[in-house]
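Across the two complexes that follow, chain A remains constant while its partner is chain B and subsequently chain C.
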Partner chain A sequence: MTARFRATPYLFLLPAVALIGVFVVYPIVAVFYYSFTDYDIVRPPVWIGLDNFRKLLGDGTFWLALTHSFVYLLVTPTIIALSVCLAIVVNRKLRGIHIFRALYFVPAVSGSIAIGLAWRWLFDRNGIINGVLQTLGIIHTPIQWLAEPGLVLPIAMLLTIWAGIGYYSVIFLAGLQNIPEELYDAARIDGCSDFQKHWHVSLPGLRPQIVFVAVISSLAALKVFDEIFVLTARTGGILDSGVTMVFYLWKQAFTLQHAGYAAAIAIVLLAITLAFSIVNVRLLERREADR
Partner chain B sequence: MTRPLSERGGAGEAAGAVGAVATAAVLEPVAILTGAQLRRRRRRRELAANAGWYVVLTFFAAITVFPFLWMLLTSLKGSADPIASVPPQLIPGHPTLANYQRVLDSLPILKFFQNSIVVAIAVTGLNVLVSAMAAYPLAKMRFRGREATFYLLLATLIVPTQLTYIPSFILAVNVFHYYDTLPAVILPSLASAFNIFLMRQAFRAIPNDLIDAARVDGAGEWRVWWQILLPIVRPSLAAVAIFTFVTSWNDFLWPSLMLHDRTQMTLPVGLAALQGFFSSDFRSIAAGVTMTVIPILLFFIVVQRYFVRGLAGAVKG
Partner chain C sequence: MHLKRTLTILAATILVVGCASSASPSPSSGPSAAPAASTPAASGSTAPAASAAATPLAADPAEAVIPNVESGAEIHFWTFYLSPTFDQYIKDTITRFEATYPGVKVDWEDHQATFQDDLKNAFAAGNAPDVINLSVSEGWVSDYAGKGLLLNLDDKVPQAVKDIYFPGLWKEQLVDGKNYQFPWYQGLSVELINKRLFEKAGLDPAAFPKTIDGIPALCQTLKDKASTVCDIRLTVNDLIAQMVYEGNVKPISADGKTFTFNSAEAVAWLQTYVDMVKAGTVDNTTLTTTDDRTGLLLFSAGQAPFYLTGPNLIRDVKSNNETLYNDLAVAMAPLGKSNVTGKGLMSISVKADTKFPNASMALAQFFTNPRSMVQFSQQVAIYPSSPKAFEDPFFSSPGTAIEDSARPLAKDIIATYADIVPTIPKKADVNEIVKKAVESALFNNVSAQDALNKAVQDANALLAG
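Presenting the complex of A and B:
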């Protein structure tokens, strides 16, 4: 009887642990191994030591991808600022506010490929942005937005921000609703303006949500792929202008069949992500200590 | 004198209301205001006072909705309606469903739908079950290795999924032999550390006394879990299920690596194929996008409440 009781927790855990073991833990171990090999998926891997990593150091596209991924992180503070503002606006008890809240959420559920395609056509040579700018007389010939090397990344980032605001503002809205009303009353009595009220009460009150969103949106930014894939029609953009870490990983592994080399990129991505998470946790702890 | 009182609320509110009736009666001595009229009046005043907020809200909404609206309108454009013109034409002059017909004729969109539904339902059902199972001992049982298991699961949350794709691809081709079939997309999504984490939070909120009482009554752990705990955490189950469904429905990268045969594609993969197929035929692409967005939007409208509640609850954990 006791023996059976002891087995029970492990039986409950078994399916999840087995699945995560096969599809997460094993691949992480394997990707480490592959990163030290020359591997094209078809023939068996050949051990080459650190050659892949040495090659990475001299690979201009890799450095470009790394830079792009770091630039992409600028999405995080922008998203936080805008979605906190939006949350403050939709926190007002206005008639029909639920309809607005639902509307803002639409991009988050529509799927990255669908919204990516919509945006790709917004910025097409024949797209509506050119149409509007021409009508206003701001430009005279249509611009090939997504064929401009300097614009691919900013447009992708804009897309990520646009799609994310509604989603993240729901998190901030929940945070705002947990802040006791008395704090706002006290601020009002102290003569705070509307802006000061939010600066001194809402922002500190939203700290847990801000940390949470900072973590998940920066991890998402480091992993961006779908947006680039659709906006550049799976090319990565002219002169690799839109190539990010994951895009380069995908290109090396699944279009060029350089699985070993791609595994090395994956290891670098993992290292960056870990470093990032550690920094995030440290910041979180320091803030807790400040209290 | 009534004014500052009414602003404070409470008893003052009633006084203010009386005052309002009195003023109204003085201004319009002919009409005696009914409750409904008064309410309508207050609503109008409220709308006017908040007009600025509505302008802001509408502006954000317009930016959010415009790309979708533009897709919908373009998908209805006839061949005589220009795609690019100065000034741009928004409303189709010759509305037609021909673009939809063309998309349906050239790509098996309905098959994509069917595949997406099969994948999303299988992933959601099984993932929720597996996560709820794993979460119970992690929340409510004492056993060797509990902490280690929990932290190992948490650690996998940090790892970007994409870096598992190379070995997973090789597994799919060499070991499981399910390349280009739906199980290739379903199986790797059946367990999620994040969902286990959320369900663990839900189970932890249940008082131990309840579980102990059931155990004393002779219920085994499986019965306790299935008949007592699961019904209690139903709201969390719903939130986790909806999230998993939407994530699975929109998942692109892994399915695009696994599914190449047109009869096996899910919607996002098919949509990317559509972009390649119609390349510069914007009307057809718009029709394809509209067809894939509308069902998930309808789903979202139905389950909206749970979605928001789940997202809000995730942070507290």
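Presenting the complex of A and C:
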């Protein structure tokens, strides 16, 4: 009876553990193993030790991809700032505010591929943006936006920011609604302006949400793929101008069939994101402790 | 506390990164994943129904040309992008095959956008199909054969059977001098022309350049007089082949140990494109895309003056833009400096370790024999791989539709098809190096000579390593 009682919780856990084991733990272990092999997916992997990692050191495209991924992190502070502002704006009792909140959330529930395609059409040679600019007489010849190496990454970042603001602002909105109204009343009595009120009350009150969004959005930025894949029509952009770590990983694995090398990139990405997350949280915790 | 939090972060990070690396979409899982350039007969999700539902042919013992077919064989056959448009044709042909080779059963599956991923996974899992429809134009045959995954047909297929096919097609895409495919349906490269834009530029579609040398001037005229740019696509997945066909470039030394694609011919080939980019006469996005559909969609939207594709895809223009279809002209694709019109499109290969090699070869041969091919050609604008098939009166009569206008010329054109590209070791990696060189010359102000010199140096280092 006792033994059966002890087994019961584990039996409940078993389906979830099995699923995580098969679909998460096993692939991660496999990626570790493949990173030490020469593996082209169709033939058995061959053990080559650290060769893939040595090759990474001298691979210019890998370093370019790494740089792009770090540049992509600029999305995080931007998206936090804009999401907080948007949350403050929609945190009012106005008529029809629910409609606005829902509209801002639409990109969050739209598929990233669909959004990417829509943006590709916007920036197409014959797209709306060129059309508007030509109509206004600002340009005479259409700009080939996505064929300009310097513009691919900024456009992808803009897309990520646009698509993410609605989602993150809902998190901040929930945070704002948990801040006691008395604190705002006290700030008002102390003579704070609207800006000071949000600076001294809203932002400190949103600290847990900011930590959460900073970690989640920076991890998302480091593993960005869909936007680049769709905007550059699978090429990564002219001169690899939009290639990020995960895109390069995908390209090595599925285009060039170097799955072993791709696994090594995945391991490096794992190490970077892990270190980044730890540093991120520690810094924010220290600042919290200092207050 | 800190340790607990750190472990939590570790677990969360592993989950996030693990998901990113294990669940990243495959190249063909995205919506823009229509197979680049290979233009299979029914590619595209909006492919209309075949032009005519053919009456099933009766079995003919004369079609049984492969000896010693294993009785009781059950073979698996994968095609690429043929369902549902050609379901009836495939099923009828399989029924006829099973009647011709009694005792053999065929299990057919059609794979589409995920074909390559499915096939690689199937090979990795040890359950790849026995008979596989592979694209020659995309280099799939040499990819898989180079890895030892396909059956060498040279010493297994009787000479009389080899002689059924155009010699250039039987020998296309040899790997170390050996053939691994039965040539299947072929395409013609044609330029689809938007007559309205040509008229606006004062150009006559009938005077479309016969060689690629005439393209830069044509694009300049179109830019100057019709304010449009040309939709030209580099074969980004196989730039060396494009160099060879268009520029008559010899990419590698005779012993296969040193790359030579920095020759004067190669530089001249690249400089042509560099000049067009600098002149602003081409769409840069289309020029470097891997997706054949990017340019075709632009053309279908009436935004490009011409586009190189297969006549089988004219129906895409028709379904997307009937007005443009009625304003369409077709010209044969201009010849490159090699004077070779092109290479084959689709083939059927047999898995190297199939349990039933004879039955598998029999099925591959059956689908590619003249009788099967004539029936297939009657349903869509594709062309047979054997001279005998062209003796059918169907091929001497031009159809009424514009996509059929090239039909009477098809035999003479396909007879000249040949794969003139030598075996390129580490082809995908070398192509990547060439792609970077081409892009740096086109868009980064590196001279064509310097870019190709660097590429040759890198490619030779790759070979040495």
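One rule holds in what follows: the second predicted complex is superposed on the first by the 287 of 291 C-alpha atoms of A that agree within 3 Å, B and C clash if a C-alpha of one lies under 4 Å from a C-alpha of the other, contacts with A are read in each partner's own complex, and residues count from 1 in each chain.
Assume a contact is a pair of C-beta atoms (placed from the backbone, for glycine too) under 8 Å apart; a residue touches a chain by one contact, two chains touch by 3 or more.
A quick note: this is a predicted structure, and the numbers were derived from the prediction, not measured.
Colleague: Mind working out whether A:L274 is in touch with chain B, chain C, both or neither, as first, second, both or neither?
Modeller: A:L274: touches chain B and chain C.
Colleague: Is A:V71 contacted by the first partner chain B, the second partner chain C, both or neither?
Modeller: In the superposition, A:V71 contacts neither chain B nor chain C.
Colleague: Report for A:A186: first if it touches chain B alone, second if chain C alone, otherwise both or neither.
Modeller: Neither partner.
Colleague: In this superposed model, does chain C or chain B come into contact with more residues of chain A?
Modeller: Looking at chain B versus chain C, the one contacting more residues of chain A is B.
Colleague: Have a look at where A:L256 lands relative to chain B and chain C in the superposition and call it first, second, both or neither.
Modeller: In the superposition, A:L256 touches chain C alone.
Colleague: Touching A:F12 in the superposition: chain B (first), chain C (second), both, neither?
Modeller: It touches chain B, and chain C stays clear.
Colleague: So in the superposed three-chain picture, is A:Q144 touching just chain B, just chain C, both, or none of them (first/second/both/neither)?
Modeller: second
Colleague: Once the structures are superposed on A, label A:I238 by its partner contacts, choosing first (chain B), second (chain C), both or neither.
Modeller: The answer is second: A:I238 touches chain C but not chain B.
Colleague: Quick check for you: in the superposed arrangement, does A:P27 touch first (chain B), second (chain C), both or neither?
Modeller: Touch status of A:P27: both partners.
Colleague: Contacts for A:R43 in the overlay, against chain B (first) and chain C (second): which applies, first, second, both or neither?
Modeller: After superposition on chain A, A:R43 lies in contact with chain C alone.
Colleague: For chain A, which residues belong to both interfaces, chain B and chain C?
Modeller: Shared contact residues on chain A (touching chain B in one complex, chain C in the other): 23-24, 27-28, 31, 41, 113, 117, 124-126, 219, 223, 225-226, 229-230, 233-234, 246, 249-250, 254, 262-263, 266, 269-270, 273-274, 277.
Colleague: Contact residues on chain C for chain A in the complex?
Modeller: By the definition above, chain C touches chain A via 5-6, 9-10, 12-22, 24-27, 30-33, 117, 120-121, 123-124, 144, 147, 149, 229, 236, 280, 283-285, 287-291, 294, 298, 301, 303, 428-429, 432, 436, 439-440, 442-444.
Colleague: Please give the residue numbers of chain B that touch chain A in the complex, ascending.
Modeller: Residue positions touching the partner: 43, 46-47, 50, 53-54, 56-57, 60-61, 63-65, 67-68, 70-71, 74, 83-88, 130-131, 133-134, 136-138, 141, 143, 146, 149, 152-153, 156, 158-171, 173, 187-188, 190-191, 193, 196, 221-222, 225, 246, 249-250, 252-253, 257, 267-268, 271-272, 275-276, 282, 285-286, 288-289, 292-293, 296-297, 299-301, 304, 307-308, 311-315.
Colleague: Over in the complex, which chain A residues touch chain B? Could you list them?
Modeller: 5-6, 8-10, 12-13, 15-17, 19-20, 22-28, 30-31, 34, 41, 86, 89-90, 92, 94-95, 97, 100-107, 109-115, 117-122, 124-128, 130-132, 134-135, 142, 162, 166-167, 170-171, 173-175, 208-209, 212, 219, 222-223, 225-226, 229-230, 233-234, 246, 249-250, 253-254, 259, 262-263, 266-267, 269-270, 273-274, 277
Colleague: Name, in rising order, each residue of chain A that touches chain C in their complex.
Modeller: Residue positions touching the partner: 23-24, 27-28, 31, 40-43, 113, 117, 124-126, 141, 144, 146-147, 149, 215, 219, 223, 225-226, 229-230, 233-235, 238-240, 246, 249-250, 254-257, 262-263, 266, 269-270, 273-274, 277-278, 281.
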